[in-house]
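Working notes for the structure below.
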Amino acid sequence: MILLQTPVIVLNVKTYGQAIGKDVIQIAKIMEEVGKETDVSMAIAVQATDIYRVKNEVSIPVWAEHIDPITPGSHTGWMLPEAVKEAGAVGTLINHSEHRLTLANIDACLTRAEEIGLDNIICTNNVATSKAAAALNPQFVAVEPPELIGGDISVTAADPDIVRNSVEAVKAVNDSVKVLCGAGVKNGDDVSKALELGSAGVLLASGIVKATNKKEVIQDLASGIQ
Amino acid sequence: MILLQTPVIVLNVKTYGQAIGKDVIQIAKIMEEVGKETDVSMAIAVQATDIYRVKNEVSIPVWAEHIDPITPGSHTGWMLPEAVKEAGAVGTLINHSEHRLTLANIDACLTRAEEIGLDNIICTNNVATSKAAAALNPQFVAVEPPELIGGDISVTAADPDIVRNSVEAVKAVNDSVKVLCGAGVKNGDDVSKALELGSAGVLLASGIVKATNKKEVIQDLASGIQ
Amino acid sequence: MILLQTPVIVLNVKTYGQAIGKDVIQIAKIMEEVGKETDVSMAIAVQATDIYRVKNEVSIPVWAEHIDPITPGSHTGWMLPEAVKEAGAVGTLINHSEHRLTLANIDACLTRAEEIGLDNIICTNNVATSKAAAALNPQFVAVEPPELIGGDISVTAADPDIVRNSVEAVKAVNDSVKVLCGAGVKNGDDVSKALELGSAGVLLASGIVKATNKKEVIQDLASGIQ
Amino acid sequence: MILLQTPVIVLNVKTYGQAIGKDVIQIAKIMEEVGKETDVSMAIAVQATDIYRVKNEVSIPVWAEHIDPITPGSHTGWMLPEAVKEAGAVGTLINHSEHRLTLANIDACLTRAEEIGLDNIICTNNVATSKAAAALNPQFVAVEPPELIGGDISVTAADPDIVRNSVEAVKAVNDSVKVLCGAGVKNGDDVSKALELGSAGVLLASGIVKATNKKEVIQDLASGIQ
């Protein structure tokens, strides 16, 4: 059972210095506020250390940025899916561009996420890997060309075909998988273009985290869905 | 253009102590000899250090056990596809159970193999990852349950469904991809059963490398195809 | 400035299922209680998801099990030292046997820990690596033979020389570094033996986490120091 | 017993496209020729695929660029020390900047190299890691600041203190370990400066491999030792 409503704006705060502790709680609150104002679905993936604090302050879905493909036991310093869930996360990114996993471990992480009931997004880098990820049957595939991540040009402008073709390739393999896109997404136009290209929403990071006026940016992003 | 004739017996000599230098040349010669006698297609994947020596001694296809997803440049100690090819390899295993790669790197290795003309087998561990690998469009997917590798019971007896279902899943995604199976394969019955289950051959290691009478074992394996 | 008082008992709860959320808070409270009763120095390393919750409930030092050698920025799902500190950790394990780092990254993690003021323990596996770790100038080196970790026999009984010789080797390189030992430590005799061998305390996990009566075990361990 | 005569010029050809197969044999022959002319000790580390071919053509020491910390067995695609030795290598780099290993594995590689009789150089990135590496008791430590590797300015000019201080730190821990330096080394002045700073030679790559007139460059480098 998928919990994340679509179309959706998913924020990944990565390990940005602007998004730790009280600061990430503040960002989550703004997202919640704009989500309520605009009725646009929003979710936030935060550092493991902040999951508990953030989920106690907001009603939007809080996600983990990563899980490791482990079961409870002797795995010092790795990310146990049960720990992430207990802290309050309802979903997890898997295989982010900055945290790649082996194919066998992507499959194992997905199995673990399903076992304990975590929503899931497998991140991919091109059409071929999006298709491969879809074959594993996740809820979402988020395609993000690594060379555009953190940049000024949205994937939807720089490489619309990667989104369009990923959607097509994913659907051909597994029609139940939804596609998100990301990299360089910064405003409402980028979001509406993403939906036009067939995606179910966006995954973004610096566009919000590094913005001076975060509320304004989140409202703008939401305007692309409304 | 695929070079490897099927059905095929592919030997991976891993880093076994019985298969270095002159010893692996000897094994390759026996395979060549039995291949000629029985008209069964055979190939041998050897350590990088032995590719040149083996290919100078036999006419059967010599493969690399691994390539890294790199282009010529500053990558000290990694396995350059061009170097493997120049030494005489005509194909390469990718993502063996003992040498897992990230999904993005499996895709990148496959792209590199295609660019320079290396046959390729992506190794996988279950039905889901076989299906995902097929989506990347390799020549072969070789499914090997890790828990059976090196063991006494052939995957075709211990878990025939993983072979049958991998073949089905792979064909559903990409009909041009051929499926091999491996783990515990030791004799002609295992090989004929593998073909019955829809695979195009077997990938094996200890069954030959650790055998006292290697010629006898290879003849027996070949009898499963003849 | 080192914060951890010695001799000390450091508990690493790893990713044990018995030590998540409320359960790990309970374990920390028992340690705090016994620490007060016995005046023995205690610390607990917990999963990243639990640092904030645990440190809000107890006065004993809460540690992270791991940090990655990164600075704030784009490192999705990795462990940022600043995040661990903000959540309330006052120290961190580095290079645990179950989470090995490259030599360059051990050095980088240590530099980061020093920059932001985290106490630190570099974990090692034998005399040679203990000596190498000491050369990096951490506060503590904790030597734990991997083959004894989680077992029934304490390193102090199974291999006292590794402790004695590590202490000697570490002191020869860097007299300011204190040595802990671990693996199989379960009772007060193991702890007192560890101190006799020249160590400044113990690092343990299953001995406490898997105990039925945790208070009794912690009291017994503390008796080896009193 | 150390085989490599010092002072020495060690060339690491990495995976440069200019140094595969016949081309790397040609480079090795020029080094041998200049070595004989000038009586300067030279060695060449080549890709695993080329060890056998190169050592059959030249009398200078041929080294591996890397070994993995494994023993003969099931390690598909990894670099077995025995295979490297059988192919003709007499030594190996360990932990190159482009191929970092965990501290435990550096120690394990060194142990394996000693067991089968391979000369060895542990590569490091700064004074602290050079000191740590020396504690493991290799024959050589080669310090190379990663940011200078492949650049136009020699480490001996850009950061002479890293060489001087590494020599001092290494000797303080283990007087029998010799220090090499590298990164940006291109001519005889760089080499003579390296020796002045206390090193026993240089480790270089692009300075030779990318040179148009390789013989001239190697002669110039040798002039720094003569």
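To keep things simple, chains are lettered A, B, C and D as they appear, and every chain counts its residues starting from 1.
Going forward, a residue touches a chain if its C-beta (ideal position, glycine included) is under 8 Å from a C-beta of that chain, and two chains touch if they have at least 3 such contacts.
Remember, it's a predicted structure, so these values are computed and weren't measured experimentally.
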Self-check item: Path length in steps (a step moves to a chain that is touched) from chain B to chain C
Solution: 2
Quiz item: Is the contact between chain A and chain B built from the same residue numbers on each copy (over half shared) or from different ones (under half shared)?
Solution: same
Quiz item: How far is the middle of chain A from the middle of chain B, if each middle is the mean of its Cα atoms, in Å?
Solution: 37
Self-check item: Interchain centroid distance [CA atoms averaged], chain A/chain C, Å
Solution: 34
Quiz prompt | chain A and chain D: spacing of chain centres that average the CA atoms, whole Å | solution = 44
Quiz item: Multi-chain contacts in chain D: which residues touch at least two other chains?
Solution: 97
Exercise. Determine the shape of the graph in which chains are vertices and touching pairs are edges (line, ring, star, complete, other).
Key: ring
Quiz prompt | Pairs of chains, among all present, that meet the touch criterion | solution = A-B, A-C, B-D, C-D
Self-check item: Contacting residues of chain A [partner chain B, same complex]
Solution: 95, 100-107, 124-126, 128-129, 131-137, 169, 173
Self-check item: Sites on chain B touched by chain D in the complex
Solution: 12, 14-17, 20-21, 47-53, 64-66, 70, 72-80, 82-84, 86-87, 93, 96-99, 149-150, 205-206
